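Paired with subunit B in one complex and with subunit C in the other, subunit A is shared by the two complexes that follow.
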Partner chain A sequence: MAVRETPGFRTALAAAVAGGLLLAGPTAPGLTTAAAASSGTTLRVAMDGSGVDTLNPFTAYFNGALDIFGTIYPSLTTIDDNGAPKPYLATSWTLSDDQLTWTFKLREGLKWSDGKPLTAEDAAWTLHLIMTDDVAGTANSTLVSDFESVTATDATTLVIKTKKPKANVTYSSIPISGIPIVPKHIWQSQVKNLRNYKNDTFPVVGYGPWILTEYKNGQYAKFDANKSFVLGAPKYDHLIEQIYKETDAAVAALKSGQLDYISGINATEYSSLQHVDGVRTAQAVGHGWVGLELNPGAKTRTGKPIGTGNPALADPVLRRAIALSVDKKTLVTKVLNGQGQVAEGYLPPAWPQWNWQPDPGKKQSYDPAAANKLLDKAGYKKGSDGIRIDPKTDKPLNLRLGIHSDDAADAAISRYLVGWFKAIGINAKIQAMSMSALNSDLGKGNWDMLMDAWTTGPDPTYQLGIQSCTTLPKDDGTGGNTDSFFCDPAYEKLFAKQATLFDPAERAEVVGQMQEILYDADVDIMFYNGTTKIAYSAKADGLVTGKPNADGFYPAQTAFWSYLKATPGSSSDSSSGGGNTGLWLGIGAAVIVLGAGVAVVRRRAGADDRE
Partner chain B sequence: MSSRPALAEPQSAEATEAAKAPAQDRTERRTSRLPRPGYLLTKLAAAVVSFAVTLVIGFVLFNLMPADPVRTMTRGRPVSEAELIRLRVQLGLDKPIWERFLDFVNDTLHGNLGYSWEYQQSVASLTMHRLGPTLLLMGTSFVISVLLGLWLGLRSGWRAGSLFDRITSATALTLWSVPTFWLGMILLIVFSVGVGPFHGFLPTAGMSDPTLPQTGMTHWLDVAEHLVLPALTMVLVVYAQYVTIMRSSIIEELGSPYLLTARAKGLTDAAVRRRHALPNALLPSVTMIFMHLGTLISGAVTVEAIFSWPGLGDLTFEALKIPDLPLLQGTFIVFSASVILMNLLADLAYRFLDPRVRDQ
Partner chain C sequence: MTAAQTATAALPTRFAGARRFARAFRGRPSGVAGLVILIAFSVLALAAPLFIGDEQLDVTKVDGPLLAPPSADYPLGTDQSGRSVLLLLIWGSRESLRIGVIATVLTVVFGSAVGIIAGHYGGFVGRILMQVTDWFIALPSLPLAISLAAVLGQGSMSITIAIAVTSWTATARLVRAQTLAVEARPFVERARALGAGDRQIMTQQVLPNVMPLILVSSTLTVAGSLLSEATLTFLGLGNPADVTWGEMLHEAFFGGAFTAGAWWFLVPPGLAILAVVLAFTLTGRAVEYVLDPRMEKK
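Moving on to the complex of A and B:
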């Protein structure tokens, strides 16, 4: 009886071979890697993990997008290593005697990437649109709050009038965290459709160290260098920001030479890269903090209590005891592998001009004995299980400890905290929540203790502002943007005052007093300022800017300066993806084809036997 | 987002029945292969009801999640209270939930999947954009898993207990038990970075090399190269279910009288296996294949995350972080519709494959 190969079998075999080929990739050795399309040198960096929400600079919030805007659109000023404003589009600025009128002198002769002149009118138009159009103000209107008017009196003069003295005007338009100036001739026709305008006509018309030539959602952004950039031409010819969903994969890419730069890796990843050939590592002083918020009794603006916070935490003695029970040094050593600093002040060390430290005598160092003594004295007696009883409610001190479920550091810290709190008679129950759920609970006051973390730009106004009484919610629970339901009249006065102080030293002093009030209130207990950990290819120089301090930490780094100052080393060929790719793929494919061929021959032979 | 179903996934009633006894007597077939209108209508109605129920469940689940999308989206940016309020109004979060539900139903009925809060574009265009990469990764790994799994299962089951069977089954079950994330990272380290003298050569992320042209043959070969590791990871963790199902189905067939008859007719062992045992043993696998097909579109969150593959699983995961409710609801509709459609097709396909279903 004849047995024939069925068409189905042949189809399946063909599919298997095709699948194998697809898996094996190209058969010509080095086909994909040798055919680098872009000539010149390419700097490949990992995009900020938040990614890009939209390329529309008026409505984007995510850091990946802001990094892009910072490199393709200009701003009035930029910042120096201390975080102080310095010239960019504006070469100088003056303030009127009444402290209400700022006059910026802009550079002459600059051109947008399409050749049209870049003038003060572009800046005035951009800022004015953000002030007056709801959609244009989506992401940045706070930065122009209290602006009365913005006008271009001529091509190089921009005049900003404010409603009241405003010390931070020079921070309003800085790269990345400030307002990017866009070309009026491109954007004015989009104003009516601003919400839906995707800004994805490439190359995107702009002015900056780089020109955005391609963006693929969820994959990468590609740039060409602007070799006539006014603050110095980028040394690389191209820049690619590649999206890595997993930092571990980005670390692997750096090790294999597929990536030149990653920033923001964790302590374990950093340690794993420290002794890898061809990879250099560096730490920059932290521009953020990690700490613990204690609910001091959530209230609305009119003083109406809201939420489910444990009332015991309204007692400053209990909050101080909690602050004294935390061994911050251990957290730095164990959780950060020593890669950070113990934090005391509310503003991070990245911006030295706002740095504040408590007087040595007032420093709240780890001292569980003192914490226990405080609680004993205040009448918090221990129950039979070792948990103290709140004298006001006669209830044991069981407190919820909310942590971010996707944050490994939070998980590690919280385990230490539970032990330390137990040592002073407090029972903490860890509740892991998504960032969104945690934010939701925070706003409603439904929490006792929350792990918190912030990063701050060079202008502290917003960061100080979220501790202001004006950010408390309304009586109906809506509105508000408070960080921890802190509200203090003395702090409030100083907050208003610092906004009007134009002398940096005077302003810093008031900002220091505000930090002292926060420190003494123990509502936001700062744990540490982790360093920003950076790893980069030894083939690229200049990626880390500034000089390291005594601890070996570099000043705060920004994508703007790092990518601009990066220089290809003598052996740099960062676009190569690996030397023997094609060879391996060719061998793989050959094996599959050979195997499939043998299988077919054997089948045929078997079929013949059966005929 | 697909998660791996349990190996001992209960089959549909028809599939279980079908798997129990061989459908060898084809001469008595009298019913038409085409479904009766009543049957078709019933199945269609059931599909529509399932879809409607899924829509409600999806909406309720996503909206009940404790979350504050506005604060999460703007976290880290200097936004005033007025801006937050304006944003809440813009996103429709100031409306009562029943009103949002009616809007959602109305939009869905009009084929409008909504407008993503996070990406500020229509959910339909975002989904379409990610569909190609998803289907490429999931489709490739699906085809390879099915072919590899069924072939190995058939061989193992036919010689149950042999060395080949023991090695195949043990390997498949070991890989099935390995966490996808771990396996993906190991493959990434071995094949992209290299271990010891072995140099890695495969790409670490994305689906194409940005330094190469994004069109033409070079591009497609480049995409294939990027596909290797994610597809391999998917295949290794998924193919076991086909091995196991096919193996057990074949073992059930082994003692059947019709196989004895076939051998008595003088057929070779391979022919008996392929022409007689395989068609009968294939039915449970068909159910599995259709179930798997239905979930293909939702991508694979873990694999997409490790290899930064721009698929729908990744998009959904990103949406969940905010949560971007319109995007979540939109992708949920697409995923549910896909599963329901494939189940419907599976029901109809059974009528072609199994005469006993036709007779019911």
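Moving on to the complex of A and C:
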């Protein structure tokens, strides 16, 4: 599953934060409603900044909600450090010779948290509902596209038939980014009312490392550990996901010992936490990219040109020159503070099995002189103002550069781009737009250059699919889902081929060739893969999973594994923020003193009245 | 009779008034201080292109340390891209002041026109105009400005318009009240009796008499506009390629300078906004005091 990053949520947050800041000042975070911990050890983590839109897994989109589903509902498979599927509910799976029938063997004897048996029927019912019911398919229907049927032949056997060979079936139901399996006996009666069903009867019946016991909108979600969890019991007794409107507030909570884990802090917060006692930091390789799209001439599926894109960009020479004019290393060091990798391939380093790097000889490195030479040769003469003239239209190269108005990194990058483009004779005009305005312009082809960012799950199908000709809009402008109006017959063939390759190595080979085609086309210029930055309390061990690579970056982290593998450190019998006892005592004392003072004053007033 | 006296006598009364005004203004130290600050900022803003160029502002050309504290080379430290905060601050005054002043001119021209017309015609026209004004007053200005800036596209132009659209109402109300007061005076009646038309009364009789009020109101509006500009750009509605004080605050806050403890990037633009807004307010108050005969008596 791939997600176009949605800074839209962040705008709302930014506005809220700005408002809050003006009203309350930066002291508020320490006093946000902290969920009280019950007996036993408690792991306190900051929820993903997007929060929870709904607890209904059929209709929820926000990452905060998906993290919760990943820990309270089971899935068929889970993902290892390398990004490959491995057993969860299913212990093994086989594929028929015609490559259309998958048979999953499920574990025996598992029970939902209310004691009812968890069988293949639950999985079949959930997947079938998503395939057949429009509302149930709201969030996840793309994951079951091309499914012909899903049936439970007995309590431990699930059979999935697909309409055509589909190599990514084992990625359809994985924790967090895949489909969560829900208990049929609970959900069956809600099907009619699915759109409005809030799923807020606690504890929520499910199966996973954790059981959701309480959720307060905008404040926190509380979980109890499932000590009989099949992949190993959580070491903590309780889990609290605290909601923070702004990561700055979460960072303050971590510093004061009220929080154990934050994922996704920004670069400056990361640097500021590196020398704080009791706080450890780590970086995980990025599962997304930030880059620039060049409009190669927007067309519909039938080849009808649409939009107001500058025709000059249809020239591959100009696009190559633009690619050569960008100094990705500077972006990594100056915009990212070195916390990321220069990106070349289209799929991010978080999923090593799909990673592709260009041959050293074909690598496009920063070289403005070469870019200028290319343009000179192709007849782009410089005008008196230093801006080159497009030889085909005799117009100067004035290109629009659309950026996300609510993204600080976009803004920072765009200032560099303007400078670099100027150096090769291109005048870029920054247009900061809201996420929705930007995407609307994109779909209509009304753009020249756009900053774009995507995050990708372990299965690359969707991410590769948005570069396919089939995602171009129809002639009436609808039905488009294209990333940048890229359309290439060779790519198209490979895209169809990779879906039928069931050997991971063979599939990776083809996916690599597809990335090479994209790289050479210079339509989507990758800039960098920023790391996911994590800060966690020294009182908890095992929160960061896997081993660091040569750059010191850990493999991609998921809430599923991190919270499951976390163990309370020796120094903490309870992590309920003992460091704050003094503060609370102080506040309590202050309240008593104030209250006493008020009482005395009031009594005096009363005495005056009586006289 | 000396030559100088002759010259004075020959001057039109208008200049004599200006002199009287200057003398009275000098008697208000806070107003003078405000004016000095304003002049200092204006001179800096106008002279900035003489010593600041692409080399200091283009992020691809600067080579300073990233987010470094103040030093001899960088008196106010550097930002996240290695640019000198001092130079950004000076350059930022250009755009900030320009947006503030243009928005104010738009506000004052539109607001005064509505106010005078509503006050002069009264009746149906006046009621309609005032109802429109009330309607705009009732609209929450910040969300309106944000949505306007979003609709018009981002950048200084749309911010200017957004400020003007949301702040003309105060001027309109003020001017209408003064217009009503002026029109009740006998000289207006006399002019009307002598056959002056609506336009003549509005431009020849009323306008000169509400002018002092407009002047005072506009100095105060500039202060408000500067603040609105900073607010809107801080909220991310500006053009990131522009350098303004609000934009600097935006970058500092959302780029994490706040968490990194980089006070040198946050404090200067904040103080600059404070200084200029205060200067406009002080000047405005002083002008108001000097022009308002009732206040002079106190």
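Heads up, the rule we're going with is that the second predicted complex is superposed on the first by the 535 of 611 C-alpha atoms of A that agree within 3 Å, B and C clash if a C-alpha of one lies under 4 Å from a C-alpha of the other, contacts with A are read in each partner's own complex, and residues count from 1 in each chain.
Keep in mind that, in the parts below, a residue touches a chain if its C-beta (ideal position, glycine included) is under 8 Å from a C-beta of that chain, and two chains touch if they have at least 3 such contacts.
Owing to the predicted nature of the structure, the values given are computational and were not obtained by experimental measurement.
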item: Dominant contact partner of subunit A by residue count, subunit C or subunit B; value: B
item: First (subunit B), second (subunit C), both or neither touched by A:113; value: neither
item: Touching partner for A:434 - first (subunit B), second (subunit C), both, neither; value: both
item: First, second, both or neither for A:145, with subunit B first and subunit C second; value: first
item: Subunit B versus subunit C as contact partner of A:41, first or second or both or neither; value: neither
item: Partner chain(s) touched by A:562 [first = subunit B, second = subunit C, both, neither]; value: neither
item: Touching partner for A:372 - first (subunit B), second (subunit C), both, neither; value: neither
item: Touched partner set for A:423, first subunit B, second subunit C, both or neither; value: second
item: Partner chain(s) touched by A:255 [first = subunit B, second = subunit C, both, neither]; value: first
item: Which superposed partner A:414 touches (first subunit B, second subunit C, both, neither); value: second
item: Contact residues common to both interfaces of subunit A (with subunit B and with subunit C); value: 15, 26, 248, 433-434, 437
item: In the complex with subunit A, residue positions of subunit B that touch it; value: 65-69, 71-87, 118-121, 126, 129-130, 140, 143-144, 147-148, 185, 188-189, 192-194, 199-214, 218, 221-222, 224-225, 227-228, 231-232, 265-268, 270-271, 274-275, 304-308, 310, 314-315, 318, 321-323
item: Complex contact set, residues of subunit A against subunit C; value: 11, 14-15, 18, 26, 248, 251, 266-269, 271-272, 327, 330, 334-335, 337, 403, 405-406, 408, 410-412, 414-416, 418-420, 422-423, 430-434, 437
item: Residue ranges of subunit A in contact with subunit B within the complex; value: 1, 3, 9, 12, 15-16, 19, 21-26, 31-32, 35-38, 42, 51, 53-54, 56, 59, 61, 63, 134, 137-139, 141-143, 145, 195-196, 198, 214, 216-220, 222, 238, 240, 242-246, 248-250, 252-253, 255-256, 258-259, 433-437, 439-443, 454-455, 461-462, 465, 470-471, 478-481, 575, 577-581, 584-585, 606, 609-610
item: Residues on subunit C engaged by subunit A in the complex (per definition of touch); value: 58-61, 66-67, 80-82, 146, 150, 153-155, 234-241, 251, 253-261
